[in-house]
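Right after this note come the structures.
Shared between the two complexes below is chain A, which pairs with chain B and chain C, respectively.
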Partner chain A sequence: MINIAAILFYLFSGVLLSSAMMVVTARNTVHGVLFLILAFFNAAGLFILANAEFLALLLVVVYVGAVAVLFLFVVMMLNVEMGNIQKTAREYSVAGGLIGGTLAVELILMLYSWNTSPEAFEMISSPISKDGVTNTQALGNLIYTHYALIFQASGIILLIAMVGAIVLTLRHREGIRRQKIGDQLARDPKDSVSLVDISPGSGI
Partner chain B sequence: MVSIDLNNFWSSAFQDLLVLVGYILLILVGLVLAVSYLTLAERKVLAAIQIRVGPNVVGWFGLLQPFADGLKLIHKETIIPTRANPFLFILAPILTFSLSLSAWAVIPFGEGWVISNINVGILYLFAISSLGVYGIIMAGWASNSRYAFLGALRSAAQMVSYEVSIGLVLIAVILTAGSLNLTEIVEAQKGLWFIIPHLPMAVIFMISALAETNRAPFDLPEAESELVTGYNVEYSSMTFALFFLGEYANMILMSAMGSILFLGGWLPPFDIVPFTWVPGIVWFSLKISVLLFVFLWVRATFPRYRYDQLMRLGWKVFLPFTLFWVVLTSGVLVTFNLYPGS
Partner chain C sequence: MIEAYIPDFYRILPEVILILAALGMLIEGSFRKITDSKLTARFCRNAIVAIVIAVVVLCIQHKSGENWVTFEGQIVQDDFIFLAKLLILVGSAAVLAISIPSLAKEQILSFEYAVLVLFATVGMLLMVEANDFISLFVGLEMQGLSLYVLAAINRDQLSSSEAALKYFVLGAISTCLYLYGTSLLYGFAGSTSFDVIGAVIRVESAVGLPLGFIIALVFIIASLAFKVSAVPFHMWTPDVYQGCPTAITAFIAAAPKVAGMIVFLRILVLPFILMYGEWQAIIVFLSFASMVLGAFAALRQTDIKRLLAYSSIGQMGYVLLGVAAGNDDGIQAVFVYITLYLVMIIGTFGCLLSLRGKGHFGVQNLQDLSGISTLHPKIAFILAAFMFSLAGIPPLAGFFAKLYVFKAAISAGLFGLAIIGVLTSVVASYYYLKIVKIMYFDEVPAAPTITFGQSVVVSPEMIVVLNACGIIILFFFIYPNPLLEMAQRAALALPI
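And then the complex of A and B:
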């Protein structure tokens, strides 16, 4: 008997890891973002395998449908030249190597003391909730009943971040004409056109 | 609730698989036919509104015109610009077309007439429709052409903006129906279609659908007068045809979504005898046709929006209003104890 769930799991995680690798190694930045989207899709596939279909589709809607579009938007507009990148990459290689090396050592140290619990192996294809509660209900119950305050606090943090981003980028430029639809609709021919009697040579 | 036992896939489900492929082929053939006749309907409706005759040469009343157009497109040469990115250039129309087809997997055509009755059907539809922007943005970038690129950027900004208000409209409907499953959303409208309590949301959904499918008056990505035709300017032959089919299939999909969310899907308008004799799929197709007519009607009637007006409408009018309506809906449901399951 072939275990389809296991095959799919290794397929999704294999493509996920290799496309994540391609995100940082792709020479073309636009290709990099497209590989990132592929990685998101495979993560969604892993969620579906774990019967977390709500999270899977939310991942697609939020990350693929909105965040990655903005990435793509910016990357396409910037039109990065590869020559410059290689030059700056050489300049930053020492600092980058230090940080990356530290992280790698930490990961390896952690792997030494890692014990995979037997339950984790079963999680590959087991449903999240076994008692007939749908994903959406289970998540809603968790977020809005048990962790309502934490959820609201994270909302406030996001709001502050948003206000900060707007404050940083907002600038009032002089001499820009904006359309005021209310003013346009409120205009009356009587106020805007007037008949003036001018004596010759004097002007208005 | 649907659950697939993946481990017994081969032993038990081979026959089901064949049946499933049959259903999928049925829907695909029906959809492609519907798309081809939608192009004819568009030309006929536009002609009627402008007091012209419209296509009437090929076949009886011009009924074979879509096939003549299709043959013409297949005969043409596929041109790939020299400095284009060939892989993405070819992938973009394929992506657009296959996305517009794959959304139909969760659409219920009648009671139980659905390929995959998943729990989060409405989220799946939303996800698929939000992916449509990639076909356009990839086409614009891969063509390596200024016009195509500008069209693609406009389209990306526009679709992302209007998705926000569509999402909030969906939330208002989900709150009233109490489910993310499309079949249950339709069932919840027995007796009262959601267009009656949610009329402003239905109007906003329709306008956002126009923007989401890049149709007039929001067809800025393909504004002929300034961008030639925008993102698909470098495409020819079948690659162009796939974009064209995808756009029209998306129109049909948005109309199907509108009729499921607000017009009661396959339900008859009144649950009494002469109406219940008519099968559900006929009601569903009728509702889709009415919404499609609105698409064509709007195209013939309204001039194109300016870009800043489009963004203003999306972010400063629709977003606050839909947000207010979601709060209002949940407030009313809780205050009068109307929420589903109470």
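And then the complex of A and C:
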């Protein structure tokens, strides 16, 4: 049983990491988004292994179902020229590599100082299912009770993003024909339809 | 398990008032057919009223020396935070006041300007009162996102969009650094609360601190250095200052810098106080680099907003000097400095915003100011006072701000840095005095190709703000006690 879990873990994380790598390196952006979806699925698998089935399904529904599809639309509409991006990326590769290398060294150094506390194993084996609280209930408790303020503030942040999107893109242009449902329904056939008798062979 | 729990919204009443005001304006604005600068100006006045109400509520709620913790330790308030919130609220209201007459000229036509300023103010309040890395993050983002949109609000102007994009991308990097640092901290300490992390560091430092804490500290400092534009994380500042409409630049330069500095101080002093040795070295470097770059890079600038950007980088260097001192004097000096910085920067931008010509860009080049003293002696006088104060010439307020910072640095044994601070302030005074020289000794161009700076546009609110700023700067040396007492109260609340 433990072996199966371990095998699944390595399978999921292996595919997750390699598809995440492909997202960044894929030449075709549509392929990149498809690899992103694969990465989401594997992350969902990892969540299920950790007994967090609610989060796993949420990841599939929200990220795969909505976010990634939206990405796909955006990518298809924008028609990004990858050639140019890769050319400019090469110009900055030295500086980027330097900073990335520094970060990598820091991470590796830090791993040496990592020590797992004894309670951590217990927490991993039963992350939330103590005292019969279900996954969803535990999450709800966190979001709506413990982090109520942060939840509300996140709502404000989303509102700001929405206001920003509207401020920056909405334009009131002249000459746009909008639907006016009231006016359209109130039209009378007598005003707009007339019967014309056309004699054969001549136009109107 | 499930218990009745009512969030403690009474404690955050000022924030709630601001949010309700912003939402109300948002609803009214969306139902209006036409949005023009008149509506925006009225909304700005409404926003000022909302902020004033919030200030009154805040003052009534807070009793001196009282501390409270709410939302399960995510939000706290003590004297230090109370005074910081007061500064932020007053700063935001003052910037709104000085921006009203120039809204139409700066092409800020959308009513969302006032709404976004209010949201940014709420974000800043959340930042300073946060006692947890998650609530701090939410505050940072709320403020950051509003500022990015504000920077781009003049969307038809290329420089404004460019500035906003740069600001946004670099802000996103800073957010990434912050999150990376915080997640490391969470991994090592098992909590995001300032108190718990401080306690864990206390326990761990007895047996030798894991490297992860230091790396997390470096990341968080780097991210906050972006917010206060300290060298080497200053790259966005000149472009953003230059590209944005002047009213927006004034807002970005004023209250967010104060909030960023307060957060800087709180993070370093609360969870990381026992890592003083580690962070002091970083802050000393940031301070040194900011002071030097702020002094030398501004020398050759001809664009006044770019010049002020480098000037603010330098000023942040002096504030960081007080942070690096890391003692009681340092906190007091930082508090005095950021208060006076707020006053000086609002006053300076107020003068620039009031000078208007036929074009709508306002003052852009230094030469646009030539001979202003004969045309508008009052504005020229008050602007000259701010310049002398920014340069740190006695007996103006800026001199005392610098004096306290240097005193704190010397009391902490940072002699080298204090000497460099004095020297760079001598270099920096060149360009501040150059502005005064252009205003008073250069001739008005006989046939000006650019007719900027020919007329003065003011409103009653603006006159009040400009006069208040001028009086504080000119007469601070006669009666400095209120501010010094405030700083003392603040420093007492932040034990070091």
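Please note the rule applied: the second predicted complex is superposed on the first by the 166 of 204 C-alpha atoms of A that agree within 3 Å, B and C clash if a C-alpha of one lies under 4 Å from a C-alpha of the other, contacts with A are read in each partner's own complex, and residues count from 1 in each chain.
As a working rule, a residue touches a chain if its C-beta (ideal position, glycine included) is under 8 Å from a C-beta of that chain, and two chains touch if they have at least 3 such contacts.
All of these numbers come straight from a predicted model, not from anything done at the bench.
*Asks:* Record, for the superposition on chain A, whether partners chain B and chain C clash or fit.
*Replies:* fit
*Asks:* State whether A:60 touches chain B only (first), chain C only (second), both chains, or neither.
*Replies:* In the superposition, A:60 contacts chain B only.
*Asks:* In the overlay, answer first, second, both or neither for which of chain B and chain C A:150 touches.
*Replies:* Second partner only.
*Asks:* Given the touch rule stated above, what does A:176 touch, chain B (first), chain C (second), both, or neither?
*Replies:* neither
*Asks:* Classify the contacts of A:30 with the two partner chains as first (chain B alone), second (chain C alone), both, or neither.
*Replies:* After superposition on chain A, A:30 lies in contact with chain B alone.
*Asks:* Touching A:135, do we find chain B (first), chain C (second), both, or neither?
*Replies:* Touch status of A:135: first partner only.
*Asks:* For A:77 in the superposed arrangement: first (chain B), second (chain C), both or neither?
*Replies:* Only chain B is touched by A:77; chain C is not.
*Asks:* Rounded to the nearest Å, state the minimum C-alpha distance from chain B to chain C in the superposed three-chain model.
*Replies:* 12
*Asks:* Both chain B and chain C contact which residues of chain A?
*Replies:* Shared contact residues on chain A (touching chain B in one complex, chain C in the other): none at all.
*Asks:* Of all residues in chain A, which touch chain B in the complex?
*Replies:* For this pair, the touching residues of chain A are 1-5, 8, 30, 34, 37, 51, 53-54, 57-58, 60-61, 64-66, 69-70, 72-73, 76-77, 125, 127, 132, 134-136, 179.
*Asks:* Residue numbers of chain C touching chain A in their complex, please.
*Replies:* Touching chain A: residues 1-2, 5, 7, 12, 19, 26, 71-72, 74-75, 110, 112, 115-116, 119, 122, 126, 134-135, 138-139, 141-142, 145-146, 148-149, 152-153, 155, 184, 187, 190, 210-212, 215 of chain C.
*Asks:* Using the touch definition from the top, list the residues of chain B that touch chain A in their complex.
*Replies:* 1, 3, 6-7, 9-10, 88, 118-120, 123-124, 126-127, 130-131, 133-134, 137-138, 141, 149, 153, 156-157, 159-160, 163, 167, 180, 308-309, 312
*Asks:* Using the touch definition from the top, list the residues of chain A that touch chain C in their complex.
*Replies:* Interface residues on chain A, with respect to chain C: 106, 109-110, 112-115, 117, 131, 133, 141, 145-150, 153-154, 156-157, 159-161, 163-164, 166-168.
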